[in-house]
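Notes to accompany the following structure.
Letters are used for the chains, namely A, B, C and D, taken in the order the chains are written, and counting of residues starts over at 1 for each.
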Amino acid sequence: MTDSVEFSRDELMEVNAARALAGARSCFVGIGLPSTAANLARATVNPELVLIYESGTIGSKPNRLPLSIGDGELAETADAVVSVPEVFNYWLQGGRIDVGFLGAAQVDRYANINTTVVDRGPGRSEARLPGAGGAPEIAANCGEVLMVLRHSTRNFVKKIDFVTTLGHGSGPGDRAELGLPGAGPVAVITDLGILRPDDSTAELFLTEVHPGVTVEQVRAATGWELKVADEVVTTEPPTSQELTALRALKAAGRSTAV
Amino acid sequence: MTDSVEFSRDELMEVNAARALAGARSCFVGIGLPSTAANLARATVNPELVLIYESGTIGSKPNRLPLSIGDGELAETADAVVSVPEVFNYWLQGGRIDVGFLGAAQVDRYANINTTVVDRGPGRSEARLPGAGGAPEIAANCGEVLMVLRHSTRNFVKKIDFVTTLGHGSGPGDRAELGLPGAGPVAVITDLGILRPDDSTAELFLTEVHPGVTVEQVRAATGWELKVADEVVTTEPPTSQELTALRALKAAGRSTAV
Amino acid sequence: MAKHLTLQEAVAELIHDGDTVAMEGFTHLIPYAAAHEIIRQRITDLTLVRMTPDVIYDQLIGAGLVRKLIFSWGGNPGVGSLHRFRDAVENGWPRPLELDEHSHAGMANRYVAGASRLPFAVLRGYRGSDLPRRTDTVSTVACPFTGEELAAVAALHPDVTVIHAQQADTKGNVQLWGLTGVQKEAVLAADRSLVTVEEIVDDLELRPGGVIIPTWVIDAVAVVPGGAHPSYAAGYSVRDNDFYRSWDSISRDREAFTAWLEENVLSGRAVSR
Amino acid sequence: MAKHLTLQEAVAELIHDGDTVAMEGFTHLIPYAAAHEIIRQRITDLTLVRMTPDVIYDQLIGAGLVRKLIFSWGGNPGVGSLHRFRDAVENGWPRPLELDEHSHAGMANRYVAGASRLPFAVLRGYRGSDLPRRTDTVSTVACPFTGEELAAVAALHPDVTVIHAQQADTKGNVQLWGLTGVQKEAVLAADRSLVTVEEIVDDLELRPGGVIIPTWVIDAVAVVPGGAHPSYAAGYSVRDNDFYRSWDSISRDREAFTAWLEENVLSGRAVSR
């Protein structure tokens, strides 16, 4: 059902990221955009979705968007709180999580992720990013990986300067050869559309665009020559229910620093 | 201070085992005689002694003798209850425990312990004992080891049929060569007296007898040619305070199966 | 998500001939009722896993259902020998029993490796012991940083783990408290899991020392009040030490044991006090 | 046994120039007050260890006291970059900062190995990542049972670990609850430990989710109400998200940072809201 309401590019990204979690049982949630998407999914397409945060909360049901991965709300609403070693060893590495949801600073055509350093050219030091966090093992051990980030040639680059977290490596078979248990990235959801890995090459290609976005716009915002599906589908516009839920979550999140 | 009260051989053993814990901060306690000794120590020479049981209780302060290592009393009176993997990995292997207190089925002259199988001669199957339990790692990782068992040629044997738990191996240097962090057995307390390892050979020799026990009696109850200290000391008889505390603990233990 | 089943249904659905089954609980919360249901259903050729086989496995072994035992301490705690276990090992009655024998530290770490989906765990253990000579699940690894050689133990991956807990909620989330032993690891190491509980509550309220196991890692929950007897469930019952003491004479004799089993388990009645 | 000391005494006694110091707390219970005392005492040439360096280490780095950082994620959670951290790494201001960089799973297991007195830990991690190229504390081991190659990480053994907790009793036993992160492991991995607490109580009453650290593995306890601000102590305070947001502009500029440090830390006053 579509409604004639106004929405932003970011909201298109967030709503479609939430929709991607329909049917999942459990999700290991990175902070920021992934957390927005996962909490919106609980409010819309997947009320029973079990959220796991790396701070050790299992089954968090926050009513507002946490600013950080360790907000009190996450612990207070959780089914269980465990130690950080336990969440990584028994739950993530233990193969208990269906979907890992990650953001990224830089992504290449095989959905490999860089969140460590960016080369700024000769004579200049590398630009420092926050680092790996939980991402390498989330991407390795979850059943599958979803990614969400804004689309630009700064983020979608021909070659990443540092492989923090392996997506599909240099193509099909790389994950299996490295013995990575999970299927790896299955969708990259942006503010322009959705990219998915090609079954035979594992290279990301454009399968969906959001309403009002052209294939050319996506190509222009991608740092490599982006392949495009034969039939690019236009995603359903956000419903008023989705937008209401998303805006309520964000409003609650902004008013918590009391 | 000695008193003219009656006491049994077992009580001599138990009282002397408790005295051996004077000054220790923490003790990893096996069930049976070691548990009796450790709880008596808390009631007499060492009220602040921290008892750790392999069921995961840290700082148990039972008012009665537990029948098993997992009696509710141990958990209810503990400072902390942790998982079984944690008690073995963080606390025992972590090098946090001063004294390990063990019983044994068979002991040899180097205080090696067999609690696994006893050879019954040709044509007969091995006699089955309970097995290792926590002993191999208790003996390896505690600062030092105390042992308590009744004295007989069945228990103190020339050669044990199976090394479940290493004491001093085949003599000095064996523990260091194997990289065992703790000092190993420092005293074996029996119902006849006390054996200690010789500084230069690591072989157990008789250093103390209990009141009324002769050196010859101990030699006769030992399955190898027992060496004896130049001056064998007679242990102090139990005080009335020690006996009262011991008997109260046992009486309370017997009356708990309600 | 855990299904709410009767004990009979749950055992029939989850446990099959030839399975490797772990029934954990360190003195506390031992799932006796589930073991008795296995005996009644004559599920056989089992490989049983348990740190402290205890009276519960003495019963399963004596009933002739067990092919192999993976364990670290097989006694009647505070009482003495497990006579059915000894009879099986020493005399092959009612059938031979293969052993895979470890220390407690080794067994605990084997469960940890299983729960962590690692093929092995590392510990400072077994040094100078003859135990590694009798098993192929202890080996060594060298530290790649210091060169030190350490013990390695193979991961445990039971087909089924069975535990007893105090409470489940209507969704099948489980809470246990008191001594919680190695139960969480045993559940997470297994392919399937069954939890018997004292009672179902509308909502679990986290207790001091409480361990929560979420419904989505459990296959079935069955309500069995007193299902840990003669062990105990903190907050619900006390350990029946008299039964443990009486087990010594019941189990010492093959006929006395068989009669006890017939009367107390196979007839479907609860274990007598 | 833990000694009850003032924060000033405890920091002076336990933390020295050149030490490796871990200050843990995963968003919750971050020991800010202790970090500020380190800054006031100008304890320098530190190697700092922390999974999420966060604003607390941005302050220590900016103050020029840090030689090396061992970490896995260095950002201002939910806000953006750590500008003092970036300035040190990218421009060497106020001094160069050496990095030993890991993933969260790797860091957590490095603490576990330290607490377990093992030289290394094994995990299914780092595969396909460039991280191992920039550190000598990641390697591999082969499983002696399956041959599978797994990641190995070197144990962490800080000279001192500092944490903040809700309560200690008069004997120095400590209880924390809510998100308890990797604090127990960090304390047990260290040679010495300091715990700042919200309050002293006569007897600790175990809370749901409570973690007890016994007094005999702690060196000093110091009472510092609000000592986790701008992070929080569940049951005592809420996270000061506004401060975290405001840190972005304070820390972006060297002079603004230096002025903030002078006014809020070196002058001895509490951190302003």
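Operating definition for what follows: a residue touches a chain if its C-beta (ideal position, glycine included) is under 8 Å from a C-beta of that chain, and two chains touch if they have at least 3 such contacts.
What you see is a predicted model; the values in this text were computed from it and never measured.
Shared contact partners of chain B and chain D, listed by label: C.
Each chain gets a centre from the mean of its Cα atoms; for chain B and chain C, those two points are 28 Å apart.
In terms of their C-alpha centroids, the spacing between chain A and chain C amounts to 41 Å. Shown for chain A are the residues in touch with two or more other chains, namely 89, 93, 141, 181. Residue numbers of chain D whose C-beta contacts span two or more other chains: 112, 116-118, 123-124, 148, 184-185, 209. Pairwise chain contacts in this structure: A-C, A-D, B-C, B-D, C-D.
Contact residues on chain D toward chain C in their complex (touch as defined above): 116-124, 137, 139-146, 148, 150, 152, 154, 205-210. Contact residues of chain D toward chain B in the complex are 112, 115-118, 173, 184-185, 188, 212-214, 216-217. Per the touch definition, chain D reaches chain A in the complex via residues 26-28, 51-52, 71-75, 77-79, 81-82, 85-86, 89-91, 101-105, 108-109, 111-112, 123-131, 148-149, 178-182, 184-185, 209, 232, 234, 238-242, 244-245.
Per the touch definition, chain B reaches chain C in the complex via residues 31-32, 54-57, 66-72, 74-76, 81, 83-85, 88-89, 92-93, 116, 125-128, 130-137, 140-141, 162-166, 169, 174-175, 178-181, 256-258.
On the chain B side of its complex with chain D, the touching residues are 25-26, 50, 58-59, 79-80, 89-90, 93-96, 141, 181.
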